[in-house]
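Some notes on the structure that comes next.
Letters A, B, C, D and E mark the chains as written, and numbering starts fresh at 1 in each.
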Amino acid sequence: MTNQLALLAAVFVFPGGLFALLFGLALKGADRRVAARLQGRVGPPLAQPFFDLVKLGFKRTMVPATSAGQTLFLGAPLVGVVAMLVAAALVPIAGVYAPQPILGNLLVLLYLLMVPGVVLMVAGSASGSPYGSIGFSREMALMLAYEGPLVLVVAAVALRTGWGMGGTVTFSLSEIVEYQRTHGAFLLDPVMWPAVAAFVFFYPANLGIVPFDIPEAETEVLEGPLLEYSGPALGLFKVMSALKAVVVLGLGLALFFPVAPNGIFGLVFWLVEMLVLMILGVTVVRVSVGRMRIDQAFAFFLKWPLLFAAASLAVVAVVG
Amino acid sequence: MNIIADLKKVATKSPWLYRINAGSCNGCDVELATTACIPRYDVERLGCQYCGSPRHADIVLITGPLTARVKDAVLRLWEEIPDPKVTVAVGVCPISGGIFRESYAVHAPIDRYLPVDVNVPGCPPRPQAIIEGVAKAIELWREKL
Amino acid sequence: MSSSHETVATPETFTIPVGPLHVALEEPMYFKIDVSGETVNAVDINAGHVHRGIEYLTTKRTIFQNVILTERICSLCSNSHPESFAMAAETIAGLEVPERALYLRVIAGEVKRLASNLFNVAILAHLVGYETLFMHVMEVREIAQDIKESVFGNRMDLGAMCIGGVRYDVDDEIATLLTRELDRIEPEVDRIIDTYRTNGSILGRTRGVGVLKREDALACGVVGPVARASGIDYDVRMVAPYAAYDRLPMTVHTLVDGDVWSRAMIRLAEAKTAIELIRACLRDLPGGPTHLDDRPDIPRGEAIAKVEAPRGELVYYLKTNDNPEPERVKWRVPTFMNWDALKYMLTGAKIADIAIIVNSIDPCVSCTER
Amino acid sequence: MNFLSLLFRNLKNGPSTEAFPFGPARTPARFRGRIAFDAPSCEGCKLCERVCPANAIKFTKSADGLAFDCWHDTCVFCGNCEFYCPTKSIRQTTDWHLAHTQAEKYTMVEHGLIPNMKCVECGATALDTAPNVAKVKPAMAAEEVAELRARCPKCRAKFLKARRAKP
Amino acid sequence: MTRLPEDIESRLAAVAPAGVRFEKTTDGHGTTVAWLELADKDDLFPVGELLKEIGARLSMTTASAPPAPEEEEEEETEAAEGEEAAETPEKAPKLSFGGTALDGTALELAYHFDVGGDTLTVKAHVVQGGEIDSLTPLFRTADWGEREMMELYSLTVRHHPDPRRLFIDQGIDPAVFERLIPFSTLVNSASTKGLWEKVLNKKGGA
């Protein structure tokens, strides 16, 4: 019983749910603020994403006449939010929180991370707009491109941890975190550097920022899949994207740098780490480059990230 | 009830802008782009954000004298913006037809076809004037929410 | 978007409507684009969304009102229209424009060219999704906007021209201001040129994209930076000099590749040349009046006048009779010629490049459709 | 690479955002804004009405005199009126605070009245316009102009003729 | 980019057998502006061929409908003043070069060519509702200009590849430039009047 309560709490309050949402919004706010500063502007207040969300709550949701079906159109973002809530509860925070095995492991998390992309695809096609359709095909191409390297990277981490612990592979994130806490972070382990390099490319692609914001490119396909959404339904997408930022960044920390003291200081340390990661890995990248074309992005991922990812797996396999 | 009122106050800090070009000469449009996007004026300070889809918009800025061919598209687009919304006519063309008023191809003033809330005259208005207009629109929007 | 969602012929080929109200396009225009996957097969251009019947209006207004009306055809080339119109009227009346006015006309025209060209390359960065660069170029352009507002009183429509001269003057204070602002903007323009020449994001999206070969360019009769980027050495300021251009150090820039990048580089080079021309004008500015006496009479007659607008050759034909209103005013703007070339540039392009290619001719729809 | 230096420069120099709307905005002296009309110096030639390309200026005759109205919602701020006005009675001010709500739309007007007066000489009702004395030689003194002004057009012509006749 | 050849006049006359009227002026910068009027509109195409050969570029086309001679009106007023009204015979309408009546029903088509910076304008006269050959086989750039002439005036361009309207909305009546008088109904000049009434009323009320 308490176990179930703890589970619910993990999904809806901490570290998933409310906590992840508020923190995710704060991260987005920080991203916008820092981006503004880099561009020589004042920028919006930190709480701007929160204001936006409240505002969307007051607006009317319109379902386009061209929509394939209201349930699909409105259900898609809801599925995405639920998936991200669960995913957020799956990400360990070093020294603070270890997810219960019953929720799932790294493989489940990988699947959940694909959900937002799929949701965007469904949303795009359900809206019935031609731009949505183009967004759909671009999202699909991009997912194909970045999921490959990601799987290889995760496999490398799983192998390294598994063998290090004397087993074969482990897909338990808690174990991966614990292993690094005793044997040193993978970020500092030269064997894992190709994996880190490959993972770095995964960030912007998965979070849909420049140079990989191709499916949602405002100037090409308007906002692609989100074009037809309004009001609370659009708000759900914002929630999904805020949660996703926490999950993806948290995953990165768990995979490569789960170094933190225990208890409340651990949490503070983690929050700061996440913020730094957001700014360095997302904000700075997005203000300093332009967008790629989908074919360029595809070719790019089949080159460098895949090369790094494959190399990482090979190196891990050779070194043992 | 108080919470709702507070939330509404919060909501007005996030007015998203959308612009419709109803056949303008570019002047107002370029000034709108300037106002909305560049560091010097940075309307993001006010929580404003330019959006690519009419469905995301709260404040709609219309420029141009509403030409015959663009009229239906403009009116349809305006319908697609979810309520509550505030309409701002930027430049003298949508307000009165301006210099083009007597042409066969122009349907201005635009308030014959849709309710306008704020007018920003100028040819084109300078960015600061547009910001003033947007500020007025935000006030009206708060009442409408 | 909003406009008709007509679509999907077969699973392989789509028809996507671009416009008429599209966020990537500054102005309403409407393309129907047949695509397979992400590649464009054919383009159909449907025009007329900004048709305001200005040619008709010119015959209902006096020549003095028309100087302003033509300025409102388009705010980006808003100096070239009245200049060309005034030149046509002056030719008919045989008016000798004061020397000082000729230099002042060049200053007004080049300030507009500077701002207009910077705007176009800024939009290029925006379309490439390079927001920071976009903001930076726009911020630099603000210097030109400040010049316009301080010297002429408006950020877009200068109101500099009148029949028989110019309406503004450059006194010592304004000359100092101009020099100071030019000193500020010049190094920034240099740095922007450098960025566009070397930046990977820009090069990756613009080199080899939207190529217009020289022979196609000649067939379409393209003008302005589009022609010069395809290797056609034609600039009205050079081949048919007007105002004071024959006395100024003019350089015509040409490139041969005919792609989006070349067109952007030509515009940037011309922005730089514009700065040099303004400096030369300030240095050589002769004394004397800035315009002829009040309102000269324009007798019956007809004339052709052309100027090099920021987007290329702008031609005016004016026919007057004994009325204060002209009998016929007709003009042909650069985009009218360049638009046709889009068909060559867009065929075989990627969807993602449509807006970038369209922007590369610096389309001025409001000029074209009048 | 030079792009990263731009980001760094932005960080170092801080935001270049203007204080407006939370502070004052810079307005250049030559800014062409709201039209201002000075009725006492107007000669009533109505040239501004004729050169205005946007039909923004209207003179209407009424029992009180000649009313001038310029509607700012159709004025294109081109400055033709000021440029051609022989007495510069019509000027463009630097005021650009013109944004207004729809309710105020038809009140965005610059209004002026050239009142009627009685001619001191013949007693006819005439408009109290400023006399056109720019080209009168020798130049007129202020008192003379005032004297001239108090007359109707016909008496003004007589007055000037008499003045020319004087040695 | 050659400029207008010296012998252009004789070469033009040779390809336009019905007759031409040629005029040119050169300004201080050496830029030449030339005007060529064709007696027969059907000579336009051969003239176009010659110009194509010398490397000209069709840069603009203008159609206009010269209004009916105003002399009539003026004469009426003059007649009212003087007493020669009875003496004035019904004048034959003025003719253009080539013999088209200039009574307000003829169209003047001007094709403006650019030859390396020089301008040559070729003029042809067509009666209202008449036809002219398309220059599109020679000059790609004639396409839009000719479509524009067709939507503004009642004129048919023969063999035009795409004779749809160019800019003017289908909802607007054809040949807009010819409806000079009944136009006021189409034009919303009533709008101006209405707006001014509101402006003046509001002010009065305030």
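Keep this in mind: a residue touches a chain if its C-beta (ideal position, glycine included) is under 8 Å from a C-beta of that chain, and two chains touch if they have at least 3 such contacts.
Keep in mind the model is a prediction, meaning the values are calculated, not measured.
Peer 1: Supply the minimal count of touching-chain steps required to go from chain A to chain C.
Peer 2: Graph distance in the chain contact network comes out at 1.
Peer 1: Using only Cα atoms to place each chain's centre, name the chain farthest from chain D.
Peer 2: A
Peer 1: Quick check for the class: compute each chain's Cα centroid; which one is farthest from the centroid of chain C?
Peer 2: A
Peer 1: Weigh D-E against C-D on C-beta contact pairs and write down the one with more.
Peer 2: More C-beta contacts join the chains of C-D.
Peer 1: Counting only Cα atoms for the centres, state how far chain A is from chain B in Å.
Peer 2: 35
Peer 1: Could you state the distance in Å from the CA-based centre of chain B to that of chain C?
Peer 2: 26
Peer 1: Averaging only over C-alpha atoms, locate the centres of chain A and chain E and give their separation in whole Å.
Peer 2: Chain centroid spacing, chain A to chain E, equals 65 Å.
Peer 1: Provide the list of chain D residues touching at least two other chains, using ranges where the numbers run on.
Peer 2: 3, 7, 15-17, 31, 53-55, 71, 74, 76-78 - these are the residues of chain D that touch more than one other chain.
Peer 1: Taking each residue of chain B in turn, which ones touch at least two of the other chains?
Peer 2: 39-40, 42, 45, 52-53, 67-69, 80, 96-99, 101-106, 123, 126
Peer 1: Going by the contact rule already set, what residues in chain E reach two or more other chains?
Peer 2: 168-169, 176, 192, 195
Peer 1: Per the touch rule above, enumerate the chain pairs that touch, sorted by label.
Peer 2: Chain-chain contacts present: A-B, A-C, A-D, B-C, B-D, B-E, C-D, C-E, D-E.
Peer 1: What does chain E use to touch chain B in their complex?
Peer 2: Interface residues on chain E, with respect to chain B: 168-169, 171-172, 176, 183, 186-189, 191-192, 195.
Peer 1: What residues of chain B sit close enough to touch chain A in their complex?
Peer 2: The contact residues of chain B facing chain A are 7-8, 10-16, 39, 42, 44-45, 47, 49, 51-53, 55-56, 58, 80, 82-84, 145.
Peer 1: Under the touch definition given earlier, write down the residues of chain C that touch chain D in their complex.
Peer 2: 61-62, 64-69, 71-72, 132-133, 136, 139, 146, 149-154, 157, 159, 162, 167-168, 191, 194-195, 198-199, 294-295
Peer 1: Hey, which residues of chain D end up touching chain B in the complex?
Peer 2: Its residues touching chain B are 15-18, 20-21, 25, 31, 53-55, 71-78, 96-102, 104-105, 108.
Peer 1: Considering only the defined contacts, which chain B positions touch chain E in the complex?
Peer 2: The touching residues are 67-69, 96-97, 101-109.
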